[in-house]
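Please see the structure below; I have some questions.
Chains: A, B, C, D and E, in written order; residue numbering restarts at 1 for each.
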Amino acid sequence: MAEKKQKKFTNPFGTVVESLYDLFDKKAPRYLLMTIMTAFLIYLPLSSSRFTQEIMTNLFFYVVVCLGLNIIVGFAGLLHLGYAAFFAVGAYTTGILSSVYGVNFWLTLPFSIIAAVIAGLAIGAPTLRLRGDYLAIVTLGFGEIIRLTVRNLDITGGAMGLIGIQRPVLFGIVLNQITHFYYLFFILAVIAIIVSYRLHDSRLGRAWEYIREDEDAASAMGINVVQIRLYAFIIGSAFGALAGSLYAAKMTAISPESFMFIHSVMILLAVVLGGMGKIPGVILGAIIVTLIPELSRDIGQFRLIIFAVLLLILMLYRPQGIWPERQGISTKL
Amino acid sequence: MALLDIKDLTLRFGGLCAVNQLSLEIEEGSIRSLIGPNGAGKTCVFNCLTGFYKPSSGDMVFMGTSIMKKKPHLITHMGMARTFQNLRLFKQMTVMENVMSGMHCRTNAAFAGAVLRTQSQKAEEKLIREIAEECLDFVGILDKKNYMAKNLPYGDQRRVEWARALATQPKLLLLDEPAAGLNKEEKARLINLMRRIRDERKVTIFLIEHDMGLVMKVSEKIFVIDYGVKIAEGTSKEVRDNPRVVEAYLGKEETEDAV
Amino acid sequence: MSETILALKDLETRYGQIYALRGINFEVKKGEIVTLLGANGAGKSTTLKTISSLVPASAGSVNFFNEDITHLDPYAIVERGLIHVPEGRMIFKELTVLENLELGSFTLRDNVERKKRIDRVCELFPVLKERHKQMGGFLSGGEQQMLAIGRALMTEPKILMLDEPSMGLAPIIVQNIMDIIKQINSEGTTILLVEQNAKVALKLADRGYVLETGEIVMEGDADVLSKDESIVKAYLGE
Amino acid sequence: DDTAAPVDETPEGDAEGEFEGQVLFGIMVPITGSEAADGIDMENAALLAVQEINAAGGVLGYEIITSTGDDECDPSKATAAASKLISEEVVAVVGGYCSGATLPTLALYGDAGIPFVIGAANATSLIDENPGWTFMINSTGDAQAAKAVEWFEGLGVDTIALVDDGSAFAVDLKEQTKMQWEAAGHSVVAEDRVETGTQDFSAVVTSIMSANPDAVYWTAYQGLGALLIRQLRQDGYEGVIMVGDGSSAQELLDLAQAEGEGVYCTAPPVVDFLPAAQSFIEGYNENFPREPGAYAGLMYDATYLLVNAIERAGSFDGEAIKDALAATDGFEGITGPIGFTPQNTLNRSNFVILVGEGGRWQLAE
Amino acid sequence: MTTWEIFLQQLFNGLLVGSFYGLVAIGYSMVYGIIKLLNFAHADIYMSGAFAGLIILGFLNPYIGNQWLGIIVALLLSMILVGLLGVAIQRVAYRPMLKAPRLSILITALAVSMILYNTVLLMTQGQYKPFTTGLTHESFYIGALRMTETRLVLLIAALALMLMLHLFITRTMYGKAMRAIALDRDTCQLMGINVYKIIAITFFVGSALAAAAGIMAGVYYGTVHFFMGFLIGLKAFTAAVIGGIGIIPGAMLGGLLLGLLEAFGTQIPFIGSSWRDVFTFVFLILFLIFKPNGLLGRMESERM
């Protein structure tokens, strides 16, 4: 119906972009490009300012959380509006263990993952049978519950948050420079990308896609819908928790404001904008959402409006996301 | 003992009794049909068997085990596969991926396997592909394996559903109106295919269909239900001559119009 | 010979790169029953969808009472009296039978007239009267089909396009529906019928067209077609 | 040590051309987000100071230019903003509004060797995190709490209710007040909290009304404060109402309308009552289409103090500026004399008590 | 205050707040109901409505004063204005996206929300603005219940608006068409329903009601602020879900229920106001676990 009115122009820009994407979808060029990019990113801190490194570190952090959320939203098709709660779980687990009990940072990571898994199970197990948007509101509510709870409890430092989180020590070096965190988050992002790719091309990845496409048909094919979704929920949460732990170590101080609804929304935005389920798309989304507001800091008060307008135009122009999962006849396999 | 044994199966929606005290048996290696007027409760029987609806009472025994309280995926795991009355393909995925879904319940690689790419995971992936291709070949659309499912014509989409069901390596295959929307020629091929499935793959078939010609041609025994109650059972001739069946279902007109 | 009210000229429709219709021409005259035959994927449903504007035509035109309606919105086409009962019935599952019928006459402002038409439809399909408070989705397949046709009749269309009305119906109901189509036609509504069940369709129709991969390969009076050897072979069997 | 050097070349745009070069100051405040109003106000005050200083010949012969880092009152945005300023090689930073967002930046400025003068944020937790490079010219929460306790006692109040909005700063003030109030032998009969963005306070009002305290102390910002005051008074609460420094702007009374009469405020040195600040107010009104808010004066002082310290240090070297700042003694700002404790906090309490009369704040003392 | 007084007071407070929630929730529900969009921008429409009301009342004040007459005229004018704004937003940002994946349209909604929110932020420089009216706040008692004229009128007005909407929905074909569009847009076109027109009407009505709620909140609380929509937006969204999202009477009921729940929940000593929102959301989650389709929601029944 809407198609009737659609103008029949083919935009040259779109075609160029499309062919670029095709290039990236083939294995050989992809590996080549990735190697070049990796080399560049490893080299970058040697010749760039703190600000650049800070922004890039922030970007890597975003890549990790976006990929984590992508497992839940993009792969498994569950609308999650409270993702920030999961990196709050990670950040606070590390924060409490490290600042209150003096546990070594690296030892807090397993606890942080366990805490996220428990939280994921607690919220996922009873609610994953809910369909569609009801899950969205449950996760939204859960996000708010976590944020308000850490704000109201003493162990979490209340509204003032936790301070004095220990900096991690690696090979005898105290990680306290932005360059250290740049590399730390870079490594985490690379791991997240690899894990995402491998999950996507696996039995589990396909199962998520089946469920996303048609829940009933999937269960008729012998797929345990609730269990497979729970996997997505837990893996995605663990990604978030790990990122949260590192975030806590980098900031040395965390407070409830870092885990507000708006953060969940921005992460979701990055995922959808880039192209749900498509890993390079999600990374692109993370880049846009972190870099555009940062780079336009000088515009001052107008920048968020400009960002929003840009977002609107991008979305209208590419409704499937900038780099969507697939179009037309698939050449995959 | 029969492969599937349904005893006094009853399904109620509020006041409506969609399936009423239904009992029937499906012997291993047979092709059986279930017919009846629209709204008689045929699809409901399938939905109960595959765990989508929870029966109010009665019992269903599949391969010696009761499946009354089992979830759909477990029932598929036990060896029952189905197709849907209104196609339920994974529309945005390729034909190959659609069929690979059938192998899900026969494999078990999970997170660790996927991330670490273990030897056994790789072997499993290979197996999944092989079986899927074999099933596609069996129904005759291997050449379209890389098409997106929604772009196939209706008839081919139906075949993808069959291949997908076969890929679960079932003992019992439930087909819900597989011939709806197919033309003469395709119906003839469908009959042939059903026989091959039974003979070559040793799969028992339970069929719902409105095309009487097809039903009578392919199934040795037919069950007729109306308002959820079994009103007749027997060979095609017995059923056709049963006045209750004629009155409730076939009508006075000649009905041998198929095939 | 009565006047031509619907005419398709070189109509072409694409789904992305795939051509579903490759330039088809046909016409429907007032008071006729015309049937479209063809194998799966031949483009029958696409033809109806293009006429009712559910999918856009990529070339060619559709003329209705000498007006070009190719690029009108679907609702505007309905307002002109051309109505489409799509494949798969498409009734509103979560609305009651009565509400479904009322929506059929959405374009009508006059409530009294609406009631009158509902009564008339219920006369044709007594089952609908019995079930008027039931949710559409809980009707059986055959009842849903009757509802879909009844709902279409609420607009008192000039042309009624039916897409596979017999699909998935019990033999006894197929007969029933065909009788009703005949009756509607005899009351003055022109009918364009798409049917897999060629035998039934040709028995009902005045004229027929045969589609193959988006092109019309044969046309003629129904009784001529039903004796044509290739048709018998492909569609009627045995 | 990465000492920021002044930019040497003179830009083309400089009309007077008398300056030897330019020197970059950082301003870190929230200019977007929910706390933008006060942040923009603070930025304005700093800009005004810079404008005046430049007009008077700049600092050490250099023209001051500024760069604003928007912390959005959000900790992670604040570290990015701080990093931005550090990368731009600012000589020093003034600002700091939301305590929570300011907190994680202290270490960053410390690591980079950049002195940071905080004009508003005053949660006590900032003191613990200070690596030595931060200077707080607003009295901290405990000083304010002491002022509040003193005033309540003077009014003969015995039971109080404390209400905050869950922000780090407001909770800090509440905790301090509670501690000191109970230590003074009185009781806190109700503690309540509202979410930022709430409009309806009926639940809080009802629970306060049923606890019926002699006084209510609101420790957070004016927007919500005004709502609380209106709803308390409209529901018939007749006791004392006092608000903390976050609500000391004129805006509170404008918003509270008739209900704002008689409300007390523990305020930072608000410019309106500072004889020394009259020219500042005029200058502000000339340049910006609004009234200076609660922290404008402090921010203005922070900027002047920084320039003063640079001049005393005689260089733009971070270490030297830091030492000069620490050695500050009796610097005459418009908000009063400034000097620091060993912990780099203001060495006196600068809080005053205001009262709403005729829709304007008046000094109550 | 005695327990009985507290009860009465909170009952009334809950109803009043609940009716604001309800008015906003209706907009969420209507939009969700018709195009399955969680309209993030709706909270900002509420906020825009309050500001529109403030500005219009300012214009009207010299002519007809800023008491009830002025307020009512301002209310109606801004309802129309903001209703049109809603339609315009729908036209620009949502209609082109109707065929896109559902999450994409969520993002355009987010973008619209950010634009509205930041525009008002810029225009007000982030300041709270007094919503000055000529109403007095003298209170009187109905039994043990302390009451002001303003509150009583606002509650009645909110309930009246809901009732009017209810009649509009149930008595005309528009209501049926809206439900039908929610179920199947293509088929609606085949019924001769101008889908876009109905969607536009829906946005108009939903936005106008949110604007009404915004102005009422302005009148009641006396201040407006660019951030005022956020929390009530979340609450109204919750209310819509509790009532069964997409179901209009459900939204009204959900709003009232949530208002009452909060009013009484916060009086339970253990919960207190700092846990109020935790309480709300925990209730929501438990509620959905036990009643997954909301108060008035039906199980969607799909045939295999």
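We take it that contacts are C-beta pairs under 8 Å (C-beta built on N, C-alpha and C of every residue); 3 or more make two chains touch, one makes a residue touch a chain.
If you're wondering where the values come from, they're calculated on a predicted model, not measured in any experiment.
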| item | value |
| --- | --- |
| Fewest touching-chain hops separating chain A from chain B | 1 |
| Chain whose average C-alpha position is farthest from chain A's own | C |
| Most distant chain from chain E by Cα centroid | B |
| Centroid distance [mean C-alpha coordinates] between chain C and chain A, Å | 50 |
| Inter-centroid spacing, chain E versus chain A (mean Cα positions, whole Å) | 32 |
| Cα-centroid distance, chain C relative to chain E, in whole angstrom | 43 |
| Sites on chain E at which at least two other chains make contact | 118, 121, 186, 189, 195, 274, 277, 300, 302-304 |
| Contacts with 2+ other chains: residues of chain D | 32, 36, 40, 166, 193 |
| Touching two or more other chains - residues of chain A | 1, 3, 152, 216, 301, 304, 328 |
| For the chain C and chain B complex, residues of the former touching the latter | 15, 18, 39-41, 88, 138-143, 164, 167-173, 175, 196-200, 234-238 |
| Complex contacts: residues of chain A adjacent to chain B | 195, 198-199, 201-207, 209-210, 213-214, 216-225, 231, 235, 326, 328-333 |
| Chain A-facing residues of chain B, complex | 50, 52, 71-73, 76-77, 81-82, 84, 88-94, 96-97, 100-102, 104-107, 109-111, 113-115, 117, 121, 124-125, 128, 145-148, 151, 164, 168 |
| Residue ranges of chain C in contact with chain E within the complex | 52-54, 73-76, 78-79, 83-84, 86, 90-95, 99, 102-104, 106-107, 135, 137-138, 151, 155 |
| Chain A-touching residues of chain E, taken from the complex the two chains share | 32, 36, 38, 40, 93, 95-101, 103-104, 106-108, 110-112, 114-115, 118-119, 121-122, 185-186, 189, 195, 234, 237-238, 241, 245, 274-275, 277-278, 280-282, 284-285, 288-289, 292-293, 300, 302, 304 |
